[in-house]
């Protein structure tokens, strides 16, 4: 989309009136180069196209940052559900030999800031004076190579990080268990309301038991089973604690995006 | 385009897995509301869509500023080729009764700055933590109404300014004449090279005569006619000074944009 | 500092030349109002002062965000070393009764984005045309109340969060222990080099043992004691694992900032 | 000010607790290097200092742009009160030999955009995770050299432009005269009110005559003399048209800034 916006061609002369060069020349050259004709040019192609292009790069960079931040969270010592690939013999933190920092995704976070920084100058370039002034030139000499090279590098680095990502399913399970089954609180809440309890009362009952787990006093399922106000049988509660419930549409989501058959 | 990007719908539950609500529900609601289904949602619609939307608003605002700056230039006292409508009886500058400032287009310049200021926070909103955090909320409560209302106001104001713009063709002619015909220097340059003079020599000859005009010593056409190195006849020179040459493709440019027949 | 920069007064007339009002009047009014005289005004006070003021607000807002992000990390379920105050009876997540999100600090993160968004428009306001144009006015009507009110609110909210912050020292200890003593790796590294081992060899020896802990194979101190290449006695190693070592200058750091006696 | 903010030194160890290096070492090194001690460091010096530094550079760059925009306006063909130095034999516009564009100040306008673009990433760098993450590093590798080199270049270029600026006092006078004496409208307005006429009536009387000048019908002073409602004598009016009135405090303004005696 951004590529389409920017891929235009203007050969309309110093004030955009085709005084010395006919529109046919512009059309011919554009066609030969696979570009669209710029319908309203001055001496230059209007800079709103460039602004839209740099904004598109910055949105992509922000999405790179989003994935990078997710991985940085998953890699923190207390979570450790995933980790950037770490070579045997690779050095970690210089001061702390035991540390394995997510340096690649931290770097991607920084690169996103750099790519975003091109957007405002590109937009300030739009309001050139009259046919054009030369103020946009120094800006574009800076941001054109910087933003494109940084984003290209960031996308390759991100692809590489994802390809080689170390995944720790047993830690995922451990983190879920650490909460004493609390992650199922929403299902219990819905189960109670379907049994006829008001949403208010259901919420209070679930929260009361959840808070005991939060304070480290025991297991969520046990508390619920023992609570006389919880109008669900033990079997019903156990069914509500089945993680498989959450996975039933996963293949479908992937198919929706990647077009594969579930 | 921006509207299409943002017009999506997500009803996929608190972690985007359709655990409690089937994808069919999402599809049905989206269709009823004329929205596309969000193919990869978490608890929320990813904020890259919002970022692209605010970037699109900001590009439009920058284009508004471009037209506003053009009008501000045309209205300055020494140029005065166009002017914002000024009502009989309207007050101008409070201190200087004679002044008629381009206050509407100056205001549009400021509004463009405000609309642009929404882009970076919208992009910083993309990297929410995990399924989502609530940090984007306060940002969107600010920028959603501000950026859209400001741009809507700016577009209406700009349309109004253009509709009622006072145009002074005689001042345009006067400004062209003030240059002693200098605006035709490019045609003379091309004319000389077509006569076989080198580009270097042509440029030097034209510039030499132009600088005399610049210093206020007389008229460009007269200087050229009197210069023995200028290998163009008086009739040829006069033809090169014909303004109509520049207007020959104007209808065609309008037709190209607005689809009218020339 | 920012306040000092902006607290100036100009009464120098429509083009800053004191044509109709003498400089003495400006000086008198400034003194009465506790302001400095603006040494070089045009019709208005130059907007570099305002730009510096909004930049100062944005730096403060970014520092607020820094503390907010720290607390958000400490509150995540797997870490839980600190937590925003949560009232008995308060509702958490609407869908998930067990969740207690750091909504105040997430909000502060968003507010920081809003306050920062005032900086670029304030800087774009500096280059007004000639004595002044009115383009800065709409910008300042937006950003003056928004940036100051948001930052004031953010500072009060942050102070409140810190005042009422729930601290969990036992979780801090648990998180330190979870690493099997790995946090002391730097001291062991330094201890080995002080015993005469090369830094290269020390790093390799410490890392080799640390990685076993990382893989969940056991306790760091035990591994070190059992490693024949570790040239430190058991007593020396135990001393290196003393957390008190890190606290010895804490009072001094506080005194340095707050001027209290240690 | 910005320099003072950033000139600090931290040697407080990997978590800022002076565990391995005593505060005295930090104090000694800081003193030797002419730096202040960073009172609250983590592993790194807090990035709010860097953010304030880049904001200061950007305010200066915006002030450079302000002067550049003023010169660009003064150089436009219809105004031509000042002009960037233009060497004999220098080429102007490549297509239009007669044109002498203010290319240096247009370039300065672009450079200001580039220097400003460092501010937001520098502020996004403030909220590093815990003791620090490495995300600020790639940002600073980009913006530190770029922003400082660009601003240094811009300041030198601006100084050079001002040093060699061509000034055209006769064009200034011509532009003032072009308005038929309209620039004195404020003094006439004040003169009338001092004679006892209401401000409303004075404004209307002045504007009525000014608008005739605006429409090119004649000279402002002549119209005023001929207007029976203007209660000022010809001699009084002529005195109000004395330009010297506006220059009386010029030396004083310079002295106030540069400390010279008038």
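Quick notes
Which chain is which? They are A, B, C and D, in the order written, and residues in each are numbered from 1.
Operating definition for what follows: a contact is a pair of C-beta atoms (placed from the backbone, for glycine too) under 8 Å apart; a residue touches a chain by one contact, two chains touch by 3 or more.
Keep in mind that what you see is a predicted model, and the values were worked out from it rather than measured.
Residue numbering at the chain B/chain D interface overlaps substantially, since over half of the positions present are found in both copies. Each chain's centre was taken as the mean of its CA atoms, and the one lying most distant from chain C is B. Computed centre separation for the pair chain B/chain C is 40 angstrom, with centres defined by C-alpha atoms.
For the pair chain A and chain C, the distance between mean C-alpha positions equals 25 Å.
For the pair chain C and chain D, the distance between C-alpha centroids works out to 32 Å. Residue numbers of chain D whose C-beta contacts span two or more other chains: 14, 73, 95-96, 109, 116, 120, 124, 129, 186. Of all the residues in chain B, the ones that touch chain A in their complex are 1, 14-20, 22-23, 37, 39-40, 46, 48, 51-52, 55-56, 58-59, 62-63, 65-66, 68-70, 73, 109, 112, 116, 119-120, 123-124, 126-130, 186-187, 190, 245-250, 252-253, 256-257. By the touch criterion stated above, chain C contacts chain B in their complex at residues 14, 72, 93, 95-96, 101, 103, 106-107, 109-111, 113-114, 116-118, 120-121, 124-125, 129, 133-139, 142-143, 146. Within the complex, the chain C residues that touch chain A are 73, 76-79, 91-92, 95-100, 120, 124, 175, 178-179, 182-183, 185-186, 189, 203, 206-207, 210-211, 213-214, 220.
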